[in-house]
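Next come two complexes, and both contain subunit A; in the first it sits with subunit B, in the second with subunit C.
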Partner chain A sequence: MYEALDHAHGGEGHWAFGTGFDEPLAGVDTTVPDGIDPADLGEYCLVLGDDALVLAQRLTQWITAAPELEEEVAIANVALDLLGQARLLLARAGSVGVLGRSRDRATESIPDEDALAYFRDLDEFRNSGLVEAPNGDFARTMVRLLVAATVRLAVFTRLRGSRDPVLAAIAAKGVNELAYHRDHAARWVLRLGDGTAESHRRAQAAADTVWPLLADVFTATDVERRLTEAGVAVDPADVREEVSSVLTQVLDQATLRVPAWPADTAPRGRVGEHGPELAELLGTLQGLARQHPAATW
Partner chain B sequence: MVSAVPLEPATTTDARAIAETVTDPELPMLTLADLGVLRDVRTEDDGTVVVDITPTYSGCPAMGVMRADLLHALHRAGFPRVDVRTVLSPAWSTDWISEEGRRKLAAGGIAPPGRAPVRPAGPVPLQLGPTRRTATCPQCGSPDTEELSEFSATACKALRRCRSCREPFEHVKEI
Partner chain C sequence: MSAPTLERPAPDEAALQRQFDATIAADHRIEPRDWMPEGYRRTLIRQVAQHAHSEIIGMQPEGDWLLAAPSLRRKAILLAKVQDEAGHGMYLYSAAETLGADRADLTDKLIERKQKYSSIFNYPTLSYADVGVIGWLVDGAAICNQVPLCRSSYGPYARAMIRICKEESFHQRQGYELLMTMMRGTDEQRAMVQDSVDRWWWPSLMMFGPPDDDSPNSAQSMAWGIKRHSNDELRQRFVDMSVPQAEFLGVTLPDPDLTWDEQSGHWRFGAIDWDEFKRVISGHGPANDERIARRRAARDDNAWVTEAATAYARKHDGGRPAEEHAGSAA
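Up next, the complex of A and B:
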């Protein structure tokens, strides 16, 4: 295996799966259909890609710390799926030339997806506040995963019909994965909510902490509004009812009180307004690449 | 590393035959063709061999190795110009694993997947009960098996145990 990788790498002697190796959209027709603004499309791919990238990074913070080995493997696998979705979406953004200021720092040999992940600044990230909030305890992690996966699944289900064929294909693939992410988290919320007095208390506290984060999810940005009209994107407001119905179903069965639904705010994370928690997360995510831009690992 | 040059001019049929021998890095008993990852092999006018592959899971880390293995095998067989391309649509599901692939999995001690869930156009229904997967023990053939963990050594497999022979085994999950 290593020999083959070395060969594909031009015999440079490193088999690393890091920068410069594997382009997830290699060979995919990335032509933008008529009537779609490439800059808007790229921005929207950052919205979807950054949600996945940041949530994946949050989930991997449980590695070596999960309550049981099987759950650690489960969390790692969910994070891996999300990272794969992020790679495809960031590569799609790069394919239409949306790279932010990342190219000021990333050398040419660094592929677009890596430039976007490692060399953008805090205010260029487009993830919602829902995914950047810290993990908290295991209950809060699972409630947040339930909420985030439910929203994303509802959006991806609709995106399968996007006028951008690349986005539609990424979504069709993601639906299968997100369905089991959501159901896995939902089963944990059920066990915790309908478990012991202590697990119930923690699950309720988790829901009470996570629900207010929904304020930064359902308001469309101007880009999302324009692309929804063009048949490319999904207006997040259109999935609110479905999300609410799924979450209520899970919490009811978990004997948890459904917290008050927060009022929508103007978009924050989607326009680059983030808190110190994301800065800290990006410090960990980007540190190595920024100190050693030519490194492969 | 490009060495053996075939005596006869290489053809698409030859290239396809070579590509079909390349195995999956995580499930080495399966070829990429058995797995349904290899979608097409063709030759362009300038002689470039184009190979279409599709990812299993979005984050499958084996994709890079698959690509490299295909390039290596075709180069070694005397095809100097090879282009391995990704195809995203239609999305891979375990239904793409061939009957031959399923037999090889079972012979290798891994229970093959059942039919993948049908995904209608609307919302995906919530599954709050335990997963209702079934699998036959690849060791003793008993259908009386239980799931130990929904996630196993790779994203595509669950860990199960046979209630008859008590042996644990892996099961490629339906997706």
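Up next, the complex of A and C:
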């Protein structure tokens, strides 16, 4: 029944690096199993979906500006994977009726994924500060990708056993992608950390800038806590050790100093607290769609 | 009787030339290790490099809409397309390298404006309809130009073109599908499409290059089998193909002289503004400076990254730069 998700990337042989473009959840049974609160489930899908959407948008800012053509292709690949995850997760949120205030503005003909991506306001976004921060130079971009992919891979690996079969299938598909993202970023962190004096300096500065963004990543929201108990979600605190161990290993090998781990804080991005950088990102993302709210594309 | 010698006989240039000519005459392929006249090699490097540069510069006008694409589906389609263009650039630079050129050197020549790229990419993309029109008209024109090159006499280029043409035709259909969707949408969307067609139609016709009587290198390239049809012939083919497509779409092509010629079975079109073509190709189009500046920034701002990768490879991989990248494990 959920095979459609696994094959979303198949059958597109005429593309250099295939991707499926159709309705993300077409043909998938979206019934919510008994005992799961649909509102919580939708909210959690926004958490996971917004992280992917915002990071995809950040990575896309590198297109036509990357160091090598091979890297243009690789970054586009990662961004496409994340965009695909975002579409599935936003569609899942929509399928359980979680649409925030977006439906007040978006016309009926606009699919849920777009209503959520283009017609929600800043305070309705649930992404973490980790993905929201600007790219900086190539070193900071790759260190942030390493950290974000490591956290997400650890979460998705566990989510494959979620009681929501749709979420479990999305996670199963995402795990392969995220393993590649983490590997790609890790290879760059090694090259930069152990490359030249200049690249080492930049990579260290990047780590020092990115590490503080982990402060609220491992603190569960109320929704995450309830859903973890219901066997649907993953408590982010549970992946902390794995994340820390992977990152330490990569930084050690890259001859970089592992920055001090920040003290845990209450969730910020996950509850809709965002800075001006996300406002700017959303302005670009949403501008055209909002100019033509009655249009379909 | 001459004394035996250990030296290999000096290559007989005339014999090699005869063999080359026979290969071309038989419509067989020249491969990288085959002997080829210097002029053939030089002309091909220029042709393939210009094509590669066009793919890479061509990422920019559409790439400008990546962050603002009005639906997630359109964003994914556009991102995959721009990624394909980077891939095309890579195959083509590799084809040029089989002729002895070097990618970094070709990139420098692009940035120093010593080599050209298709003039079409010096026009700005002003609305999202431009993404569709570039797919329909610009990729359509590129396909007309490139399908015959799948039979180029130079093997690596011909093979690269087969793959590129398949992807281009998919891009063209995606572009046309976007326009069809917009034409079924709001009045504003229809107006955007018409405005976009008005701006891109004539530059698309210019993509085939100067008219035959003003195309000095064409005859030699035709004889070498690296050009298969004349500029005017391909342009006519493109016009004949596009007129019914425009009609089906519901847009007007901005040419009052466009008329059906029963006798020849072709659409006759108005005079092309070749002064504009010359202005744009010689560096004075609306976006030339911006296009080159972005390539220069990508090279210069990230030079430290390339240096780091090279230094790392020297330390860890015995001096060979890592050839990882590209292609998801999924």
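Quick notes
One rule holds for everything that comes next: the second predicted complex is superposed on the first by the 271 of 297 C-alpha atoms of A that agree within 3 Å, B and C clash if a C-alpha of one lies under 4 Å from a C-alpha of the other, contacts with A are read in each partner's own complex, and residues count from 1 in each chain.
Note that in this section a contact is a pair of C-beta atoms (placed from the backbone, for glycine too) under 8 Å apart; a residue touches a chain by one contact, two chains touch by 3 or more.
Note that the coordinates shown come from a computational prediction; the quantities given were computed from them, not determined experimentally.
When both complexes are overlaid on chain A, the residue A:Q85 reaches subunit B alone and has no touch with subunit C. After overlaying the two complexes on the shared chain, residue contacts for A:V210 are found with neither subunit B nor subunit C.
By the document's definition of touching, both partners, subunit B and subunit C, reach A:N176. Once chain A of one complex is fitted onto chain A of the other, the partner contacts of A:A115 are absent, as it touches neither subunit B nor subunit C.
In the superposition on chain A, contact is made by A:E70 with both subunit B and subunit C. When the shared chain is aligned, no partner comes close enough to touch A:V96: not subunit B, not subunit C. When the two complexes are overlaid on their common chain A, residue A:A154 makes contact with subunit B while staying clear of subunit C. Once the two complexes are laid over each other on the shared chain, residue contacts for A:L190 go to subunit B and to subunit C alike.
Looking at the shared chain after the overlay, A:G287 reaches subunit C, while subunit B stays out of its contact range. Shared contact residues of subunit A with subunit B and subunit C: 9, 17, 21-22, 70, 73-74, 76-77, 80-81, 83-84, 87, 176-177, 179-180, 183-184, 187, 190.
Residue ranges on subunit A touching subunit C, taken from their complex, read 9, 14-17, 19, 21-22, 53, 57, 60-61, 63-74, 76-81, 83-84, 86-87, 90, 110-111, 113-114, 117-118, 138, 176-177, 179-180, 183-184, 187, 190-192, 194-196, 198-199, 202, 284-285, 287-289, 292, 294-297.
Put simply, subunit C touches subunit A in their complex at residues 56, 59-60, 63, 66-77, 79-80, 82-84, 86-87, 89-90, 93, 128, 166-167, 170, 178, 181-182, 184-186, 188-189, 294, 297-298, 301-302, 304-312, 315-316, 322, 324-330. Taken in their complex, subunit B has these residues touching subunit A: 1, 25, 52, 55, 57-61, 63-65, 67-69, 71-72, 75, 83-93, 119, 122-124, 126-128, 130, 148-153, 155, 159, 175. Interface residues of subunit A facing subunit B in the complex, by the touch rule stated above, are 1, 3-5, 7-9, 11, 17, 21-22, 24-28, 70, 73-74, 76-77, 80-85, 87-88, 153-154, 157, 165-166, 168-170, 172-177, 179-180, 182-184, 186-187, 190, 242, 246, 249-250, 253.
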